[in-house]
Amino acid sequence: MQSVLKFGMVGGGEGSLIGDIHCRAAMFDRKSVIAAGCFSRDAAKSAATGHKLGIAPDRIYSTYEEMAEKEAGREDRIDFVSIVTPNNSHYAIAKTFLQHGFHVVCDKPLTIEQSEAKELERIAERNGLLFCVTYTYSGYPMVKQARELVRHGELGDLITVMAEYPQEWVLNAERASWRMDASQGKSCCVADIGVHIAHTVSYMTGLKIESLCADMQSYGTLMELDNNANILVKYEGGATGVYWCSQVAAGSKNGLKVRLFGTKGSLEWEQERPDELRLSVKGKPLQLLSRGRDALYPGAAAFNRLPGGHPEGLYEAFSNIYSAFCSDVSGLLQGKGADPNADYPRIGEGIDGVRFIDKCLESAHDGSRWVQVAEA
Amino acid sequence: MQSVLKFGMVGGGEGSLIGDIHCRAAMFDRKSVIAAGCFSRDAAKSAATGHKLGIAPDRIYSTYEEMAEKEAGREDRIDFVSIVTPNNSHYAIAKTFLQHGFHVVCDKPLTIEQSEAKELERIAERNGLLFCVTYTYSGYPMVKQARELVRHGELGDLITVMAEYPQEWVLNAERASWRMDASQGKSCCVADIGVHIAHTVSYMTGLKIESLCADMQSYGTLMELDNNANILVKYEGGATGVYWCSQVAAGSKNGLKVRLFGTKGSLEWEQERPDELRLSVKGKPLQLLSRGRDALYPGAAAFNRLPGGHPEGLYEAFSNIYSAFCSDVSGLLQGKGADPNADYPRIGEGIDGVRFIDKCLESAHDGSRWVQVAEA
Amino acid sequence: MQSVLKFGMVGGGEGSLIGDIHCRAAMFDRKSVIAAGCFSRDAAKSAATGHKLGIAPDRIYSTYEEMAEKEAGREDRIDFVSIVTPNNSHYAIAKTFLQHGFHVVCDKPLTIEQSEAKELERIAERNGLLFCVTYTYSGYPMVKQARELVRHGELGDLITVMAEYPQEWVLNAERASWRMDASQGKSCCVADIGVHIAHTVSYMTGLKIESLCADMQSYGTLMELDNNANILVKYEGGATGVYWCSQVAAGSKNGLKVRLFGTKGSLEWEQERPDELRLSVKGKPLQLLSRGRDALYPGAAAFNRLPGGHPEGLYEAFSNIYSAFCSDVSGLLQGKGADPNADYPRIGEGIDGVRFIDKCLESAHDGSRWVQVAEA
Amino acid sequence: MQSVLKFGMVGGGEGSLIGDIHCRAAMFDRKSVIAAGCFSRDAAKSAATGHKLGIAPDRIYSTYEEMAEKEAGREDRIDFVSIVTPNNSHYAIAKTFLQHGFHVVCDKPLTIEQSEAKELERIAERNGLLFCVTYTYSGYPMVKQARELVRHGELGDLITVMAEYPQEWVLNAERASWRMDASQGKSCCVADIGVHIAHTVSYMTGLKIESLCADMQSYGTLMELDNNANILVKYEGGATGVYWCSQVAAGSKNGLKVRLFGTKGSLEWEQERPDELRLSVKGKPLQLLSRGRDALYPGAAAFNRLPGGHPEGLYEAFSNIYSAFCSDVSGLLQGKGADPNADYPRIGEGIDGVRFIDKCLESAHDGSRWVQVAEA
């Protein structure tokens, strides 16, 4: 039997939604429990959050450096750390914990620079550590089913991909939030949600982007970074795609949607109705696959929790990622070795995301010309 | 600050979906943690489940009587018990725990007989104990928003109610499961899901059923109990309604849907898309209210967890019920007294459900004649 | 080749929507052309409408009696008459034209009294005349496909039927229109739209109603007749059903919807999305059949006009009824005899509708008790 | 009162769907009636079609040149001609009829070359003739309502436009049909349906395309012309857009869909549900506008035919275009002059379509680089 892992968190102080989600997700399947944390650079706030989470006072830290060092010295040390801080701090924190021998879960985008992401990969590999990047949407069972349908050839050869992720929050923002602030990174919209498009498509299809052409805009005043991007994509092998992400699309909540069109069929998945998958097979009526009701491939069925018609949502999808990661960590700790097929997003996918952002910026800043994405 | 409560569970051994749901829901908001349990009449199975949940061996019990007695004698005794056993055992178990001074959470339908349900109510009242009946769907924020819209007069006077709950599982069952077995109760479909219709409508509208006319059927072979029921309803005050529940409705997963029509507007809520509410106000275009995006009344907003477009599902709705119940128990333990407005379903609603089942059976068994439901 | 028939119209003066629809529908497929009419009891209004329609002045009549008589005497007499007057005049007008040897198209409900409807049937049979009752919705290709699916056993044995037809217009009416006026008939809502439910279900399934229990209401002031009805139905053979029709259902436009549940599958058709049919077959994912795209049975495909994705609507459905009727009339005129399988609603279906209304009233007026519908 | 116009048709022989649609649409509102035609280059086929349509034998022609000449000489000559032949013949036919003094209705795309289109414009202007290009979708009332909402500022300043038109028929084609044959034109997908996207967006918004970047593909074997195109667009004034058209999108029927996002709100219209418009206004719940039910601006309401909930479809939309055109022709004939605001697509819009196709080809053939569209 798998024992319960202990984890620590960096970031996620009071009022942090994403910290709270990580924390609940990590514990939902009882595979890990929080045991330490540095929730805020403000010691009092950190302590308050830690207290609420029932963490022993001596394991609530004021700096992540102290946390990494002290935890590394404990017999009952944490097994992994979850990093939920602003994007531009991921690199330094992840590096520190990897150097102290901890497995890492880190939110996306992984880092600001590709070089940073690759350095983290090298350290993790050298130290034999597991590294998960929480691309949320790959945790949904029907996204996994989409991947299985592609893998099993149900759509034939892919022809074109339509993927989008519109939101509206920037329209309602009085002024630019930190996410729109250029000191926090090089991109807002593509970095925040564009990478989800790129990852979800890549996860479902295995397609590699060969080149892209990005038209990035920043509508409104005081907006230093992009809040809308229209992107044409060419994949290796000849398929094409269109990606659209926006934070100024009135009426859009969290509209990630992926449509894959192949020579034998097509499918559609919408994040706001995550339990459904629309599948069209040439010559047959459109089918509406339903999680928990219809037969799923084992790779998707393994992550189904509830019978059909009982909705699952974001917490459950996030828990699926933690669940797969924790099982992999446990296997490693028990000497079974890491499972290369364990179904959670790896650091390589994190690097791809950072590269995708960079290439979009490179294209957009040079008149939206086509740029090569595949590495020579 | 609210301290974390301890609870025990009766039922919910391995493979029990509903037990697992209760357990996760009770702990999701960190307001209670499992500390004891009698998960199965089979001691080995009970021990296995308890071990998995991390319960101390001396608090894993073979009988609920032993559990009630021993827990009552501990200094660190559980604060409440959750009962997730088959329906015909609810009464005896709940009674035992109430008599030992424990607050109770019990699944629906509360009991087989109305007299049993009323006896539980008397004991709970006499002992000053809180009693929650887990009518799942009242935990959804948009069901609460529906209730608020009615309360605030947005629909005007209610004219008619259309409510349904179709499922299909009995069609696929090789043979009658225990739920279709007459030794387990007097009704299958109405008792299992018809009560959810009655409760959700009552919760949203406050309407009291004056009389009803039920046509209950048992399609298929070896089916001892009803698996479909068509019910006409008259409410006190003149509104009318139609309830339909079925377990033989091919293609239906978990289709609870309530539509309320009033003199000023109407609304519609579907369990399979719980984050939405369709609202029609006379003279205005149809509106699609979205949890997390659109303004909700405080009574609904208090239960919202995620921003718009990030789906919430069954676990979260169930957690909302436990969350409200736990807060009420904590308040009582801290000497603040119980909160009559705490938003979780009470034992009175459990009694109403049992009465509803009885009245449907009374009508159906007598040629589907109209029977009085309101008590004289 | 089929020659173009000539028809006359009674009713349908300026501002009459239903008259206009009949007129366009009758001519849409160039199988008949309007040649005479008595559009209003007001001679000037009748003349104005006839002029607009390009009818020769001597064939625009002031009374239907004159029209029947004079047209009967012409060499180029009309082949059939379309009756689109208020319900309580259908009987006298239809009788007159039948007696003068004209085939008849009449709007629903056919008559006020069953005896009248049966008398019309006798005269038509005696005179060898064709009689079409325009139950609109049976003209939609996907309704025909539903019928074929049932006929071919795709749903197995029918278990239960859920059918509804909510509208909202009475809520918005300043005061009762003529339809709510008891001098015009015995029922408003059931007579106007309830009969559409009964006919559409009967058309799709062939089920005969054995008994029913109707709760009819008249909400609001000055409403003499019913504007909402909740009806339980038992069919011959054991299936059951629920019919709901309403004219006070806020937010409902023209919401006819039929769902059929059988032992092997179910289907759903909604009038407001007439080109779709949701089909669920046991053990398979839900299918969305699409007119013009997916394979239809010949009986439905024969009425398809446009490729998939190009919407057809009310005019086309109505034209389908006229088209089948005109072809039958032409065949008769050409000496081929009438086609018993020609797919348009017959006078027998008109009689069934009047009987359905009567039986609902009989039940509702006697405490909503169950009444026998099937004739002994 | 408007008299009934006479029109002739070129093309539309038996089996021609588009010819049949034009013919029914032109006559639906009784504003014009067919009086002459050259339906096929095969005289026998032309005669058969003409006979079926009830045209006098001497007005059924074997060549369009003969038809133009002879009709021009008749006292009862046709008022306008409808051209429904393959695209590469539009220019010669239209020119001939314009030169003989006939008003023209022509299907899209107007011509193969921009120079041809502009020449037609010059001749029409010089001769004072009206010229309508049947961009079907602009005939739908809710498309007109979309335009009115934009005009009235309900969406604020437009930020971005997402428009698509996927079909699947090429996937199912055994081999390339004439539309895929390079001898018929320079483009298949963009010319056939891409122009509908460009026109519908332009009609709704008034936006002018400044530059575009088109990635056009031809999937499959034996496909000489494009069957998929992904296009980035920049409009004058700063808004951007994405257009996607495809004939190889499995499961897509006729999926024209336009979404407009502005600073104050957004809207969405889908051709397959033409009676609806989704409108999102900042800070308000999403609204579902319904044709026939909800208040429309006069420019849209004028084209509404049926009460809410009674579907209208393609025939009715097409009829709306003919109706506006016929009224304009009648006004001109009655000496009132042409109405510059008459709501039907003009030759200028036809020219824009041809230019759009050319510019897409220019971009695609040169590595999908950005090309200027706006004329200097």
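Chains: A, B, C and D, in written order; residue numbering restarts at 1 for each.
Just so it is clear, a contact is a pair of C-beta atoms (placed from the backbone, for glycine too) under 8 Å apart; a residue touches a chain by one contact, two chains touch by 3 or more.
Here the structure is a predicted model, which means the values were calculated and not measured.
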| item | value |
| --- | --- |
| Copies chain C and chain A - interface residue numbers shared by over half, same or different | same |
| Chain pair repeating B-C, as identified from A-D, C-D or A-C when over half of the contact pairs by residue number coincide | A-D |
| Chain A-chain D separation of Cα centroids, rounded to whole Å | 44 |
| Chain B and chain D: spacing of chain centres that average the CA atoms, whole Å | 56 |
| Geometric centre distance via CA averages, chain B-chain A, whole Å | 35 |
| Residues of chain B whose C-beta touches two or more other chains | 252, 286, 290, 293 |
| Complex interface listing, chain B residues touching chain D | 279, 284-290, 293-294 |
| Residues of chain C touching chain B in the complex | 155, 159-160, 162, 164, 166, 171-172, 213, 215, 217, 219-220, 228, 230, 232, 234, 240-242, 244, 246, 248-252, 261-266, 278, 280-283, 286, 367-370 |
| Contact footprint of chain B on chain A as seen in their complex | 1, 4, 17, 24, 28, 30, 52-54, 167, 252-255, 271-275, 290, 292-293, 306-316 |
